[in-house]
Structures are given as C-alpha cells and as structure tokens.
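Accompanying notes for the structure given below.
We call the chains A, B, C and D, going by the order they appear; numbering starts again at 1 in every chain.
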Amino acid sequence: MSTTPPVSPAGTIHDLGYKRYVGTRRSAGTRWLVIARNQISSSWKTWWRYKSSLALAVIVTFIAGGVMFILSDKVIRDFAGAAATTMSDAALPKSIQWYTRAAFLVSLTIGARVVAGDLQSGAFTFYFSRSVRPRDYVIGKLGGMFALMAPINLAGPLLLACARLGLSQDVDQLIGSLMLVPKAIAIGLLGTLVFATVPVAFSALIANGRYAIALWGAYYLVFGFIVSMIGRHSDSWIGALDLATSLDAVALQLFDLHLFTGRAGNLDPTVALASILVHIAAAIAIVGYQVRSAHGSGVGGAS
Amino acid sequence: MTEKRIPSTRSTTLTIAFVTWLRILRRRALWVSMVIAAMPVLYAGAMMSLIGSGERSSPVSGDLFAIELLVLALLAPMFVATAIGEEVEDRTTTYLWSRPIARWSVLAGKLLTLVPLMIVLVSASWSLAGWIAWDRLPPMQTYSALAACALAMSLVATGIASLSPKHGMALTIVYLLFFDFPLGVLPQTLREMSLGHQVRTLSGMFPDESGLLSAAISLVAIALVWTVVAALRVRRIEA
Amino acid sequence: MSAVVVADNCSKWYGHVLGISDVSWKLGGGIVGLLGPNGAGKSTLIKLMAGLLVPSRGSLSVFGANPFTDIAVRRRIGYAPEHEKTWDELTALELVTVMARLAGVPGERAKLAAEAALEAMGMADARNRRVQGFSKGMRQRTKLATAIAHDPDFLLLDEPLTGVNPIARADIVARIGALAAAGKTIVVSSHVLYEIEALTSEIVVIYRGQVLAEGNVYEIRKLIDRHPHRIRIECDQPRVIAAALATADHVARIVFERQGVLIETRDPDRCYDQLAAAVLESGVEVSALSSPDNNLGAVFEYLTGDGGRR
Amino acid sequence: MTEGASLPAGSPPLIGMLGLTKRYGNIVAIDRLDARVDGKIIGLLGPNGAGKSTLLKALLGLIPYEGGARVLGLEARTHGADIRDRVGYMPEQEAFLAGMSAVELCTYAGELSGLPRTEAMQRAHAALYYAGLEEKRYQPIDGYSTGMKQRVKLAQALVHDPEILFLDEPTNGLDPRSRDEMLELIAELPARRGCAIVLSTHLLPDVERVCDHAVIMHQGRVRFVGSIDELRGARGRDTEILVEVKADAARLGEVLTEAGATCQVVSAVTLSVSLPETATNELVFRRAREAGLQIRGLGVRRETVEAAFLRVIGDAPKKDAQP
C-alpha cells in the first residue's frame, strides 16, 4: 500500500502509514472559536443570506456619508423651530435605524434558525460527541453571530463617526467631536449584541426553524410596535420593550439629537438602555438553558 | 376489490386539506399562530385602558388594522411556506406525486385548510380587538378585506415557496415586509403593486385611498401572478 | 402480452450528476429484482417508472403511457419510496387511508382497504399509533401498506428490506411473495443479492446508471463464473487439497492461510468440480468453503473492467 | 482476531462499569451494570431498547448516572471532555451540518476535538482517503448516497486520532460491497490505527465477521461479556450447515433428505442442512457429486452469533414491532 515507484537502486521506500497525533490538543477553552468561525463561513456562502444585508449596510453608509459631505452645513429645524442641527450631525444618528433594518434581515435569514437548524439536522450529535461543552457551543454560536452582525451594526456607525471627524474645519471642532467615536462604538455594540443574541434565543426556544422565524418576526415587529404605542400613550417604561425604538432612543440621546425622533422621542433613554441589556441577558440565559437541556439527549438518541 | 378509477379533484383536494389539518393540529403551529394573532387584541386592550372612552380616534383603528396586516404577513408565510417547504424537504412529495392526482390539487388542498384557518384566527383577533376598541364589531367590509388579504398573501407564499422550498418562508416575509409594504407608501403607479396598499383600500377604513374596484382588480392581479408562478413551478418539481 | 414497462434510450441527469444513462429495457411482468450497489441508479429508474421524474433524454412508458404526465396510469402503480420520512404526525391507519384515498379508493372503502393492507403487512396491532414512534421495520411495513392499499397492478418497492432485522426481513419477503402470487407485477430494488434470491430468480443488474445484465439468477451466476475466482477452503489438511489442485492449468495461485488454503482460479466451474473430487478422494474434512468473489460486487468490477479501482 | 489487548499489562480496562445505573424518571434504562470490557473489536449487541444508546451516552459522559463508568481509566462523569477527545463516535442517524462538504465537515470535526487547523485539514484528507471517499470529498454531503454518508461518518469519527471508536450501526443501508469494505476498514482499524472499537449493531453476521469480544445487553442489564468464542460456547459438533450450490438447491435437498439429513431450501441456490448424527460434510460432497450438482459454498458449522445471541437473551421472541 505504501510504496513509491522504484526511481533508483538507492531509492528509499517511505512509510506512508498512519501516524499518531503527538502534538498537544488545543485547550477546551478555544473550541468556541472554531464554532464561531464555522458559523461565519457557512453564512458567508450564499449571496442572499448575509451578503445582501451587508450590501444594504454599505449603501446606508455611503448615503449617510454623502449627506454629511454634501449637505454638511445645511441646517434643519423641527416644525416648531425650537430645535435645530446640521445635516452632518443628524446623518449618523438617523442612519442607526437603517443599520438596524439590515441587521433584522440577517436575523430572519440566519439568526432565527441557528439553534433550531442544528436541532433539526442532528448537528447536536455532531457537536456533543466531541469535547464541546454546551457553553462552548453557546459562546461559539453567539460569537459567530456577533462577528456577523458587527460589520453591519458597528462598522457603519464607526466609519461615519470617523468621516464626521474628517469633516472638521479646525482643531477645536475636531476635539469637540472626538467623543463621536466612542459613542458610535457604544451604539454599534448595543445593536450588534441585540441582533446576535435575541433571534438566537427564539431559535433555541422553538425547535422548528420556520416557527422560530415567525415568532421572532412577530416579537420584533408586531409586539414591538404595540408596546411602543402603549408606551407612548401611557408614558411608561413599557415602550422600551420595543427593541427597534429602544435602540433608536439610545442613539438619539447619545448623539444629542432631538429632531424628528418619531416613536423614540417618548422613550426615556436610560430605560431603553436597561431594556436592551435585559433582553441581551435574558437571551443568553435562554440559549444557555435550552442548549444545556438538549445536550444530554442529543447523542445516540435512536429510538 | 375496488374498481380502479382516478380520484376526483374534489376528493383529492379535500383529502390533502384533511391531512394538512391533522398535521397542523398535532404540532406546535397552532399555539405559535395564536400567540401571534393575540397581539392586536393586546394592543386594543392596552390602548383603550390608556386613552379611555373619549378619544376613540382613527389613528388607533388605523394602527390596529396595520397590525392585523403585519400578523397576516407573518402567519401566511409560516403556514403556507412551511406546509410546502417541509413536503419537499422531507421528500414526502414522492408519496404525493406517485398518486393519480393533479399536482395543483395538492396546493389547493393545503390552501383549503390554511387560508380558512388564518381567516378564522385573524377574524377572531380582529373582532375581539375591534370590540374592545369600539365596543362593537368592526364593519363587514374590513373582514372581507382581511380575508382577501389572507388569501392573496397565501398565494404569494405558495409561489415563493414553490420557487425556493427551503428558504421560502424567510423570503416571503422579507418580500412582504421589505418590498410589498414599503411600496404601499410610494407614488400611485408603484403603489398599485402592493398587496398591503390594496387591502387598506378595500377595508374602507382609509377614506383618502382610491376606488374599491380598482383596488380589488389590482389585488386579484397580484395574487394571480403568484398563483401562475406556483402552478407552473409545481408541475415541474421532481421528487 | 404487451410489456408493462418500456424504456427507450432513457437517460436521467440531475444537473451534472448521472442518474441512469441510455437505458433500453422492457419489463413483461412477474416479479423482478433490481440489483446494484448504492448510487447505481436503481432509485432513479424506479422513480422514473413511478412518474416522479422526467427522463432527460429518451422515453419511458408504463402500461403504454407516460407516468409523469398521464394521471390515470399512476392509478395502477403502487410505490414505496426508499427514504424514511412520511407524514409522521399521522397514525399508520390514517396515513394509509389518506394514501388510498389519494389513489382513488372512495370514502369509507379507503379505510377498509387501509386496514386490510396494514393487516397484510403485519401491522394490525400498531395501526393506531403515530408513525413518528415507529422503528425502521415498522416504517418499511407501513410504506409497503401505502403502496398496496389501492390494489395496484404494478408495485415499485425501493429497498423495502433495508434496515430490517433478519427475522422481520423473512416475514416481509414472504408478504411480498404473497403479493406476487396474487398476480401483481413487482419491481423490488435491493443491494443485497440473497434478499432478492429469496424472492425471485428474475434479476436486473444496474451499475453506473446502466442495465448491466438481466435475466435469470442462474444466468447472472454464469456471468460471475466467467471471471477469476478466489476460493477459500477451511479444512484440517490444506496441503492435501492444495496438492490435488496444484497441477490444474486453471489454478493461478495457491496461498496458505491460518485455517486453510486460498486457491485462485481462472475457471471456477471446473475448479469447484475438481475440488469436490479431491475432497472425496482424500477424505479431508472440510469445515467451510467460500469465495470472496462469488458476489455481485465482484461481477460489477469484472464486467466493467476496472478491477480493483473504484 | 489475534490475542492480547492493545494496552500494556496492568493498565485499566478499556471500559469498566461498576453498578452503572441510569434512570429516566421511574424508568430504569440501564440497571446496575458491572463489567470489565477489553478486546480489540467489541460487539455491543441487544434488541432495540436494551439500553445500548444510553450506555454509550453514559460512557461519553453526556448524561448523569449512578455508579461508576470508566473509559480508558477515566471516570466519565468527571472527565467526559477528556474521554471524548480520545474516543471517536460514529452515530447511527445522520449528524451532518447543512451545506458542508466532506472535507469541511471532517476538518471542522478535527478542530472541535482540539487539533490545530492545519493538522485537522491534513487528517481530514487522510481520514477520507482511508474511508474511501476520494474524488467526491469536495462536494456537499447533502447529495451523497447512503454508502458515502456512512463513510463520511466513519471519517469524522476517525479524524482526531481516537483510541477507541464507538460505531453505531455502521453498515446499515450499505450494499454488499460497501458493507464488505466498511467491515474491512473496521477490521483493519485496530492494527492500522491502534484503536479499539465498540461496534453496536443488530446485524449479527457483522459481529461474527469482525468482532473478537461481545457485550450483550437486554432490558437494561448486561447478559454477557466475553470473547466471541466464549459466547458460542465450547465448539462441539454442530449440526446445521448452509450449503450453496451452483444451481438447483431443491434437488440437493432431495438427495440429502434421502441420505437422512433434514433440509430446508433457503433460496434457489442455498440450502440449510442438518446432517444425521454420524455423517460429516463429506456426505454433502458425495451426494452432490452423485446428483451432478456443484457445491459452491459451505457454511461454517458452528453456532452462529445469532443463535448464541438468542440463547443469551433468553430466546425472547423477536418483535420487530418494538419502537
């Protein structure tokens, strides 16, 4: 089986037989990286699951950047004329809701069936018959989703913030707007975290991928709209349960924009932030719990 | 033994409808859909307790109807695209296509169960929400508009799911939410292509919209396009 | 009598993947075993006959009609697919009843027919249980029941014995045999020769998308005889047997093994005879006699001329 | 199979169980198992529901249990992850990830077991070559035939250089050649890769062909542990043989019946024969020759594993109708 062609009389025959692995194994703490990378590469394969939404985010960035650049000193006022700001200041916070929309698209095509898809295809057996712990799986999948969502939610605002800095006319203005960068990172991180965790929690709750998509869509769109309306009319915290509006409210507050605030205007940004953080925490807890309980029954379940 | 004749299309459609119903009944689809359909009721209840009886203004009813449309835009893909997509994915189409039946009757049978089911769910939710909001049932016209909407969206879902069985559901939701509904707020000519817009017109709740007849015609046209797509496509699906 | 199935230069590709290639074949009736390794094209051919696929080239007709477009001819076909999934939320009785109705058995009679079919497949006790809890053997029986409930003339059974334990297998074979005795035309696919041998002696061998051989199992065995064989003899005195055969011109190689001897021959037919003679003359106690080449896999390789390559 | 375990003397047994019990609520899935299991290829046998899957899960450290379960000397409850790095598991059902090719899947599997990426890739190719998937390994698994999927499952279980392989029904749905090849691969593994194998199957001829040891489970209890030879019992003179002829098994049946044997025609070319007390196989050869028939094969005359298995589990009636 393991012979080389006879080249010369002095030739050697190499043993191509099996070699044991003598190196050390990577520590268990790195397994999540492997899972995360796989999540990214499999999502990247088709054009419509991820790339199309990414393209949308790129377009938003270009438009917002263009608005900043071309209409930089155009002043806009609200109807009462009380508040005013320049276009270049408004472009960044107003673009956040568009990034959110692109992220929602990805959550429909990928996020809301991450765990459900694995449950249906028997992939749990594949994972847990190896030295993968439930927490590695959870961190890996969420990490992968984070990495997918970051270019959409985080990279765009960050680029816009940098562009805004570049548009500064003098050093004072530059220093004055330096805070834009950490603010953009903060809001970007929030958005990324929300869309990397909450849809996945829905997919972990409902083992059927399609139902998970429907329930997540209903929660985000319909329930979100309802609670934000209730919140507006009751002036209560309940509106903060609407993730889209909450993100918007936090963005507007961070960038100090009080124009055309829409539904977000009635929301206390602190409450909105708290709601977002609670959502993220609850989502991670749900995914962790569900994966843990599926873990034991995942392997060898031939009945 | 039995004489050998092919089943009538009526009996085929009814049988498929029966199977679809049994399968829906025995899995989680029903309660998931009930949760979704309950949302407008929640809205109506909350708004009424907040605003009180004095201000039963049109914005709330407009919102309520918009929410019902959103609910349908999720339910229709969930029911229809799942019913078709799973059939192809699980390869149970081999059972169906090897029978002496016309293929479109399979689609018809599924719709025969799913569309009335959706209409019942949405009507119940709409009645309850309306009753809470206005102390009376909403006008008949709105019911017919919702029913037409349920049918039309199901046909859209049928078309898209027959094109892409595996991802039909996500694609249909994206189509309705990110293409159809936004079209509805665009200028006249493009608006005609939006199901959502036509249904709003048909409901009669939005007086500024254009004529009923033209809306009905547009709605039928859009639904027909997707029906033709589905009918052509299903003839070619191999098992 | 006219043929049940006529395939005329029939080919089927899935994209670039070959299903079957240029098959011209006639099926007159009776019970026929469709044999071939995994991926040879058995399922493709069966699906073409069941009207689930359209030939990419050429044509295939069943009872003189195109099964893909002609609805009426599918009334006469019963098909049991290879894969496992059904509408698993239904009970066995519901599933078979529905399938019978879809095949044209009206109303209440469908239920009676379904009960009879399940009974015939030995599933009467489990008929009110949902399919999702069934074992492989029960699923196979349920699938067979869906195929026969509407009393078709032509049965297409794709791998009905796979994943079934030996005892249930014998039972299913007997039940299929009973159907054949009732005058149905039956095509049974399998990748295991002995399963089919227990059912029928008429065999069609599919390999790489083509009909490689067809006919009686004895004729297939003659084909097998045409290529070199290794024969393994386990006995107490292997060297005596070896000595008796060493001079024969058809013997190419003799290898001594732990428990016996392996003889490689170019003419198995003669070798077996001489071997029997040697055993009788020498009085050697033979405990086992077998040939690793006496199977379809070997004949596939031999006939397609690619020896050990895959 | 050759004698001797792959582990040096004094090392812990491959698998050791001490009062291993697993309850699901009130149902006792496995009940006080006590066994030391060694060997190169160990058949794990038992009817459906005997507790095989539960046992494998417990040994992989995936479910909590009472009592002790040690694999390679490691307690599964506390060292599950270490055990799983040293054990390869080939599941019965499909366990693939949508849209991946065989190479991607195996590389991923290797990485998940802690191999560096380059090493995992190299081993993925090697394992796929070994499993006989050469040119097709870059195609998506979704389009594979049953036989190829089984090979991928074997390759992904091998890729991280395990010391033990748990194989769950590896030959299900394979054609004879693929099955032969799969069994050959399995039989070679201990020598070529230095790993022991636990083979869970209901195809008893497979066990007969490749296993040297067997564990038989029934109703949650271990009914037998030991070598295959011990399972078959002392080899006395067996009475039943399987004869294959070139043609016309029925005719051979007739002539042998005349000679006092009890015959049953299995197929057109095979015949099951119970020879009379005093006769040997020579009788078969002689009668066949006199009748002008050619013997093509002769079954091994000993209690088959199947018969031994049925004896061990108390000759319980085989019910396929058990889920």
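Everything that follows uses one rule, which is that a contact is a pair of C-beta atoms (placed from the backbone, for glycine too) under 8 Å apart; a residue touches a chain by one contact, two chains touch by 3 or more.
All values reported here derive from a predicted model rather than from experimental measurement.
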{"item": "Number of steps on the shortest touching-chain route linking subunit C and subunit D", "value": "1"}
{"item": "Distance-maximising chain from subunit A - centres being C-alpha averages", "value": "C"}
{"item": "Distance between the centres, which are taken as Cα means, of subunit B and subunit A, whole angstrom", "value": "30"}
{"item": "Chain centre separation in whole Å, for subunit D relative to subunit A (CA means)", "value": "46"}
{"item": "Length of the line joining the C-alpha centres of subunit B and subunit D, rounded to whole Å", "value": "52"}
{"item": "For subunit C, residues contacting two or more additional chains", "value": "133"}
{"item": "Residues of subunit D whose C-beta touches two or more other chains", "value": "323"}
{"item": "Numbers and ranges of subunit B residues touching at least 2 other chains", "value": "27"}
{"item": "Touch-based graph of the chains, sorted into line, ring, star, complete or other", "value": "ring"}
{"item": "Chains touching one another, given as label pairs in label order", "value": "A-B, A-D, B-C, C-D"}
{"item": "For the subunit A and subunit B complex, residues of the former touching the latter", "value": "101, 105, 108-109, 206, 208, 210-211, 213-215, 217-218, 221-223, 225-226, 229-230, 233-234"}
{"item": "Residue ranges of subunit D touching subunit A (in the complex, touch as defined)", "value": "53-54, 56-57, 60, 62-64, 80-82, 84-85, 89, 91-100, 108-109, 111-116, 119, 123, 126, 156, 160-161, 168-169, 192-194, 323"}
{"item": "Of all residues in subunit C, those that touch subunit D in their complex", "value": "17, 36-39, 122-123, 125-126, 133-135, 137-138, 159, 162-168, 171, 191-194, 197-198, 201, 217-218, 221, 234, 269, 272-273, 276-277, 279-280, 283, 285-291, 294-297, 300, 310"}
{"item": "Subunit C contact footprint on subunit D (complex, rising order)", "value": "48, 132, 134, 143, 145-148, 172-178, 180, 202, 204, 244, 246-247, 266-270, 280-282, 285-286, 288-289, 294-301, 306, 318, 320-323"}
{"item": "Of subunit A, residues touching subunit D in the complex", "value": "17-18, 20-21, 23, 25-28, 30-31, 34-35, 38, 42, 45, 117-118, 121-133, 295-296, 298-303"}
